[in-house]
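Below is one structure, written out as structure tokens; the observations come after it.
Letters A, B, C, D, E, F, G and H mark the chains as written, and numbering starts fresh at 1 in each.
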Amino acid sequence: MPSVGQDLGAYLRQEMMPTVWCPGCGHGIIAQGIAAALKEVGTDLDQVVVVGGIGCSGRTPFYMNTGAMHTTHGRALAFATGLKMARPQLTVIVAMGDGDALAIGGNHFIHAARRNIDLTVVLYNNSIYGMTGGQSAPTTPQGSHSTTTPLGSIEPNFDAPTLAIAAGATFVARSTTFDFQEMPKLIARAIRHPGFSMVEVLSQCPTYFGRLNRLGEAPEMLFLERDQTIPLHDLPPVEITREVLVGKRPIGVFREEAMPEYTQRYRELCAAAGGVYDA
Amino acid sequence: MPSVGQDLGAYLRQEMMPTVWCPGCGHGIIAQGIAAALKEVGTDLDQVVVVGGIGCSGRTPFYMNTGAMHTTHGRALAFATGLKMARPQLTVIVAMGDGDALAIGGNHFIHAARRNIDLTVVLYNNSIYGMTGGQSAPTTPQGSHSTTTPLGSIEPNFDAPTLAIAAGATFVARSTTFDFQEMPKLIARAIRHPGFSMVEVLSQCPTYFGRLNRLGEAPEMLFLERDQTIPLHDLPPVEITREVLVGKRPIGVFREEAMPEYTQRYRELCAAAGGVYDA
Amino acid sequence: MRKDPLRVRLSGRGGQGIILAGTMLAEAAMQDGLKVVQTQSYGPEARLGASKSEVVISSRDIAFPEVLMPDLVLCFSREAYQKFGRHVSPGGVVLLEQSILKDVPDAQGQTLPLRDTARELGKELVLNVVGLAALVAVTEAVSRESLRAALTHRMKAEFLELNVAALEAGFALGEAVASRA
Amino acid sequence: MRKDPLRVRLSGRGGQGIILAGTMLAEAAMQDGLKVVQTQSYGPEARLGASKSEVVISSRDIAFPEVLMPDLVLCFSREAYQKFGRHVSPGGVVLLEQSILKDVPDAQGQTLPLRDTARELGKELVLNVVGLAALVAVTEAVSRESLRAALTHRMKAEFLELNVAALEAGFALGEAVASRA
Amino acid sequence: MTEKALQFTQRDRMLTVQRDWCKGCNLCIGSCPAGILSLDDGERIVVEDIERCIFCGVCAARCPDFVFTLARIPEAQMAMGGSQCD
Amino acid sequence: MTEKALQFTQRDRMLTVQRDWCKGCNLCIGSCPAGILSLDDGERIVVEDIERCIFCGVCAARCPDFVFTLARIPEAQMAMGGSQCD
Amino acid sequence: MRLIQGNEAVALGAAAAGCDFYAGYPITPATEIMEQMARILPARGGVFIQMEDELSAVAAAIGAAWGGARAMTATSGPGFSLMQEHIGYAAMTQTPCVIVDSQRGGPSTGLPTLPAQGEVMQARFGSHGDRVAITLTASSVLSAYEVTARAFALSETYRQPVIVLLDAVLSHMRENVDLPEITPVPRETAASAQDRQPFGDNPFVPFGEGRRTVVTGLAHDESGLPKTAGGKAVERMLRSLEERLRHDAREITHFQAYRLEDASVALLAYGITARAAHEAVDALRQEGVAAGLLDLQTLWPFPDYLVQEIAERVDTILVPELNLGQYVIAVQAAVQGRCRVVPLGRADGDLFTPEEIAAAAREVQDAKGGIVHA
Amino acid sequence: MRLIQGNEAVALGAAAAGCDFYAGYPITPATEIMEQMARILPARGGVFIQMEDELSAVAAAIGAAWGGARAMTATSGPGFSLMQEHIGYAAMTQTPCVIVDSQRGGPSTGLPTLPAQGEVMQARFGSHGDRVAITLTASSVLSAYEVTARAFALSETYRQPVIVLLDAVLSHMRENVDLPEITPVPRETAASAQDRQPFGDNPFVPFGEGRRTVVTGLAHDESGLPKTAGGKAVERMLRSLEERLRHDAREITHFQAYRLEDASVALLAYGITARAAHEAVDALRQEGVAAGLLDLQTLWPFPDYLVQEIAERVDTILVPELNLGQYVIAVQAAVQGRCRVVPLGRADGDLFTPEEIAAAAREVQDAKGGIVHA
């Protein structure tokens, strides 16, 4: 099988194509990464549900040939938590935008991480609210322009991996849409990880973030991703401070740790109570 | 002036006494700590607003002889953010329970921290939901009993300082109700800190957490606080990992860093736009 | 000569076990083959304030669940007496913990040393059971066997022995009053 | 012989500047001293799908804001033509970007090389201005001076020069059609 | 129903005890270095022997219910011969 | 209105191009090592000279719109003399 | 015969109806439902989870339903307000689930330990857009048990969220009851639903059973796909549900009619208030006032047929409720002048006493006559 | 004369009314209000802040009001659902603030770019407990400007949250308008309010002006203290507000009556739908049908007096609205049989055309007669 550009036809919901995404939007590359990861992991697609929030990114479930749940803005992880608990044998992947996951959905994000429940979040970080037309997000770098920060944002941004680790996530990684070889592999690793996993993928929104910040078209933005990141080959988490990296964002795996997973702990609780969970 | 037991009469709203709190509840000690801190800082009480959420802890504003805003469960920081932005000269202190701040209110907590807005959160952490009668909180230690974890909690708990730092808080400390000398000083330091500050105070809830976990009455619980914590005199944040401390929670200041404060940055933004904020 | 329906109000401070006492009374009445409704009321400020638990006992279906005018009243604390203890139906019975008299010298009702009795048993916490047993002994609201059964059903095993003692002490107290009357 | 009210529908793909064109047309009509309502419509799936912008121009107050049967139609894309371009009031005018004919050979309306003209000017983005100007030249929906003023008002300074060129090119295209007719 | 607060003075210090706010939690009792605090029959705090009080204020710091207040009497008032505090 | 996807084969590999999903973003074009991709007049992708294609799949990996699919033709089918894929 | 609390009855009713998933967030006076479920479910291998707030509690329940669970959550006013977005989502995605709201004094934090009936209109109109949610209420511990079980059954039949309204008194009240056995409504298997579309009037098939359904809160048609479906499809499906509910109104509507046959004054009451109204009827009858009671257990869809029928026969309908006059608006709208409709509201945290209701009834009786349009 | 968009008019109307605080969260079709405020406010030294969600957006606005600001937020359906808890809090704490909801197709995510009027009942009943919020709506860009400014004035006068309902078409529509000057309502100074209680029918005094008010969503009385005040105080204050609103109904109620004098069929429409209804009236009149229009700008408190007066004079009131029949319920409840009330709903994301409304009016006209009670 060729290592890039494999046949993902069976993983895609063809009748929903073409996608709603703008020309050059990075989200399609991430969606493809999820499909490739699913292929690599080899799970029965009947037992996979891709859950999305609301946002351009949140449309991902429509394009995956799996169970698909397009939920509400910010709450995808809460739906996914119920789904996973009710049927723990499902592989549940949660596609969320940066605004979706970290603005309105920040609480569900940290709580799902805290529980260490076996969900895989793919965080589509395009530094902006795409779907609503280019407002600032909690990931918008300070100084950047958006329609709600016409003079440049005055707010510091979240660093998603730092937050995820602080909250308790046990697999945390970052990649980019430039990195088409690593990104699907990281997602696959995240899916295989038994516990809460999060892969942040830096994505380009040429329509808004690119245009408002004069970063060029999609190809230029892709190269910026390359230039503004630096691979951290499995460095221990202690080293991740923004200072060290002089403006570059590290990519790679920040944390990968085996900790008791939530549905597993729940199984043990039921056993102790005399019940059989998920027989 | 005696260093302990100072005359705080002017700082208390006498007509609301006695408090609603149970006998031996630590919350009154924290409230007293806030009063003492206000005295130490010396702010005009007309220019102070104590904002509370909903919970036993959230009742604090009623007992402070300042402006008082008792809001909704989990959202105190959102109200406080609007209040502070509208009238930045106010000193705004936010009294929140652990459930209030970290369960339902987790998102506002991380976002207020991210903005580094000059609010002081006093987090009353009694490891449980007191007001509603002893349900588990995101701070309930794994294995502990509550009315919703009758067999012991299977969820890992948040570490509030770690989360606050990851989110961007610039002054982060922890103390206990045992520590009646340090605790008000930390709160005073937090109030003086120009930026988002958080002092977590470990508090005893003899009525629920104590009873359900057989920890004895209030005096016993106070000594447990002493025994289960370890002072960390201004260690750098890098050292704070649960492992290092073998079951003891560090107390002291975890982070104190000068970073541009939000109302100040907003002031500059207005100036750049030609407006005068807070003339 | 028990009224039907019989309306009982138990009252005290938060933490004095009023609701558990009401539940046991209701359960005993159920054991006696009657219909019961037990309700309770406490304000958010009532951790130390007055709270009450009411039980309606009847041989027929009970529509309105609360007690507007009780036939039997039991009060454990001053606040409770002042808030809930002053009204009783004609011919009704009011039993008061005797220390209430200290604060409210003109309190109307039979006073009993409930708290002292509980303390003598070693734990003031059994006050509720002492009081309830005394009320039952005075009024025969429910049968003693049923109340014993209800206590056994509702009480955690580890506290059972102590509470059975409290129950019997309460019965004794109540009998003394009844014989006085 | 302009209709009053005059109902205009501009349509194209998301990103082709339809709404801005509608706004400029409305603004020009306002300059002409008329009342205007401009509305727009795009589905959530319409980033590349068809979107439209409608302008009602009248000397009197305008009640219903949308255009049910347009008097003038301008279409920039196939999808837009298929969705919005097929209806026009009797005597109405339909202007089509000529490449639509390739996909829809039986398309009804006057075709113009709008895209080619825009490309010749160096940026396909000015397609909307070329088309709008052509429409105005053909129909005299608004005065050219007003349209020029509207363009100056609504366009960012850095793009103004290019767009003025596009405007004039569009007028020229439109005149050619008008003289053909 | 509020009892008037008790006031005790010693040199420039005054200890005020608002007994009717006391909930009988025992927190102050074990902390008083002089060991002079206890609960009365109604579970309210009593200062048994004020003479032995060292006016340290630990009771005030420990009490969650604002029962104790330890204040310094301003020198001016001292000169006037005692407490005018309220 | 959907055009049938184009299919190109070379030994055991097949490149499928679903042209009508293309949005003309240019992302594939600069990445194609053979430099054989461009946009047509309608801003849709064209493979100019499939002979020079090295069937590397980079275009597929870069395209956000699932336009390209690079697949291996199973040996069995190869034996039967060509593509039966759909 | 057992002595149980209203909240306990809800938990037991849910369990009896096959509930195997509870997600919640504590709030007075609903908390005991959650605490009960925390004991009941693990022992049966069901799922109990305490979520971070009410938004996520109901979201988790909906997610769990799609995982094949019979799911519920319970809350009180403030939490019920927070759930409104997702109740709409459940309606749009045709997800069976049960939401219990034990009403306390409001607005806002209000009177957390005292009863109210302030959410009867919110249950119907609390979400943006037009969503339907069958809403039931109970007036006794036994009916709390039965109504909760019925809520599960209705949510299966109509594939919709079903709301159960309690109040602080009923939640905490104990009565001795014999709990009837309940058989959970069976679910169609994925296989039997094979050739049907996933939405519309078709069976509910959860994920993981061989079908890769697309679930979305966007406008979609019976296929679930939002691609081409516009508003027409949404409207069609909403109206079709409305139609089914109207058609089945007589089965869905549960009520108790008491001495209504020859009444001239009808009390229309629901929930805890119906109990005082019941006693009021007896008192009024003793005085010779021809009073009767319609004790409604099904609040929504509004039982037009039933109320209109009564309105034709009585002079006045008096609507006592623990709010400032909410459900009475729906009654007035349904009655449309067939008889007088008189509101009787209170919102101070107390129950109506029988005498208060009787007094109001006496007053309307005295002022008898047709509708007086001032 | 300027060509501006509905959302822009809202921003300008707010600014003209003295708004100096905006907290929001983006959502189609309300986002442009926020984007405008992001430009307007910093340049005036006012505060613009993008919050983390809608819960916090309205909370921040309420907090800001207590900081002395004239505060607003704007959203659309999903966000409006999320705001309900805090709208109740604002009501309970008598906090002046303005909430704009630009309605889009629902339920749930629904039809995000298409118009609807699905929140007219939610505006009234969306929060738990009994809260009141004056609700206004607009049908033109100019009225969007004026109504927003009026919302600020009313929120000052009654110390209550005021809701402004728009829809996706009006929000994005451009019209050429002359914007009138507006003078912000003056506020009493803390000094002049000195001897008054902080709540009830007393002036609003923010924090930091020398008064240490206690603000709480718990039951409280005019002093603000929750200590002894029970439900009686809440009910008293709620009823007193209701009373004031009823008393002032004629000033609060804004409407346009068009050809109603001799009408036999009255169209009762609001917002964007009123425009089609206006054209429908003209068309009907041309055919000889005596149609008229009541274009309501004040939806809540419901203008009983006005609607009842019309109901006395016409045969039928037809209520076209972009939902499945919501406001018509309130109309029916107010009319109580004085005339026929006929709903005309649609929820597919399209506007009613004038012809559709005219057709429905013709139909009711043909079926003329008294109320037919089926």
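Note that a residue touches a chain if its C-beta (ideal position, glycine included) is under 8 Å from a C-beta of that chain, and two chains touch if they have at least 3 such contacts.
Here the structure is a predicted model, which means the values were calculated and not measured.
Trainee: Chain by chain, through touching neighbours only, how many steps does the shortest route from chain A to chain G take?
Mentor: Between chain A and chain G, the shortest chain-hopping route counts 1.
Trainee: Once you count every C-beta pair in contact for both, which comes out on top, D-H or A-H?
Mentor: The comparison resolves to D-H.
Trainee: With centres defined as the mean C-alpha position, give me the chain D-chain F separation in Å.
Mentor: 37
Trainee: Which whole number of Å gives the spacing of the CA centres of chain B and chain H?
Mentor: Once rounded, the distance between the two centres reads 38 Å.
Trainee: Calculate how many whole Å lie between the centre of chain E and the centre of chain H, each centre taken as the average of the chain's C-alpha atoms.
Mentor: 57
Trainee: How many angstrom between the C-alpha centroids of chain D and chain C?
Mentor: Roughly 85 Å, centre to centre.
Trainee: Give the residues of chain B that touch two or more other chains, as numbers and ranges in rising order.
Mentor: Counting only residues that touch two or more other chains, chain B contributes 18, 21-23, 70, 72, 103-104, 106-107, 111, 138, 151, 266, 269, 272-273.
Trainee: Please output the residue numbers of chain H that touch at least 2 other chains, ranges allowed.
Mentor: Only 42, 52-53, 55, 78, 85, 89, 108-109, 111-112, 114, 216-218, 226-227, 230 qualify.
Trainee: Which residues of chain E are in contact with two or more other chains?
Mentor: Counting only residues that touch two or more other chains, chain E contributes 23.
Trainee: Residue numbers of chain G touching chain H in their complex, please.
Mentor: Residues of chain G touching chain H: 55, 76-78, 80-82, 84-85, 88-89, 91-93, 101, 103, 105-112, 114, 116, 118-119, 121-122, 124-131, 216-219, 230-232, 234-235, 238-239, 242, 308, 312, 323-324, 326, 328-330, 332-338, 341, 346-350, 371, 373-374.
Trainee: What residues on chain G touch chain B, complex-wise?
Mentor: Contacts found on chain G: 25-28, 31, 34-35, 38-39, 42, 48, 50, 52-54, 78, 108-109.
Trainee: How about chain B: which of its residues touch chain H in the complex?
Mentor: Residues 13, 15-16, 45-47, 49, 51, 61-62, 65-72, 75, 77-87, 89-90, 107-108, 111, 266, 269-270, 272-279 of chain B touch chain H in their complex.
Trainee: Which positions of chain A touch chain F when the two form their complex?
Mentor: It comes out as residues 1-9, 12, 17-19, 21-29, 31-32, 63, 177, 180-181, 206, 217-219, 222.
Trainee: Inside the complex, what are the residues of chain H that reach chain B?
Mentor: Chain H residues touching chain B: 21, 23, 41-47, 49, 51-53, 55-57, 59-69, 71, 85-86, 89, 206-218, 225-227.
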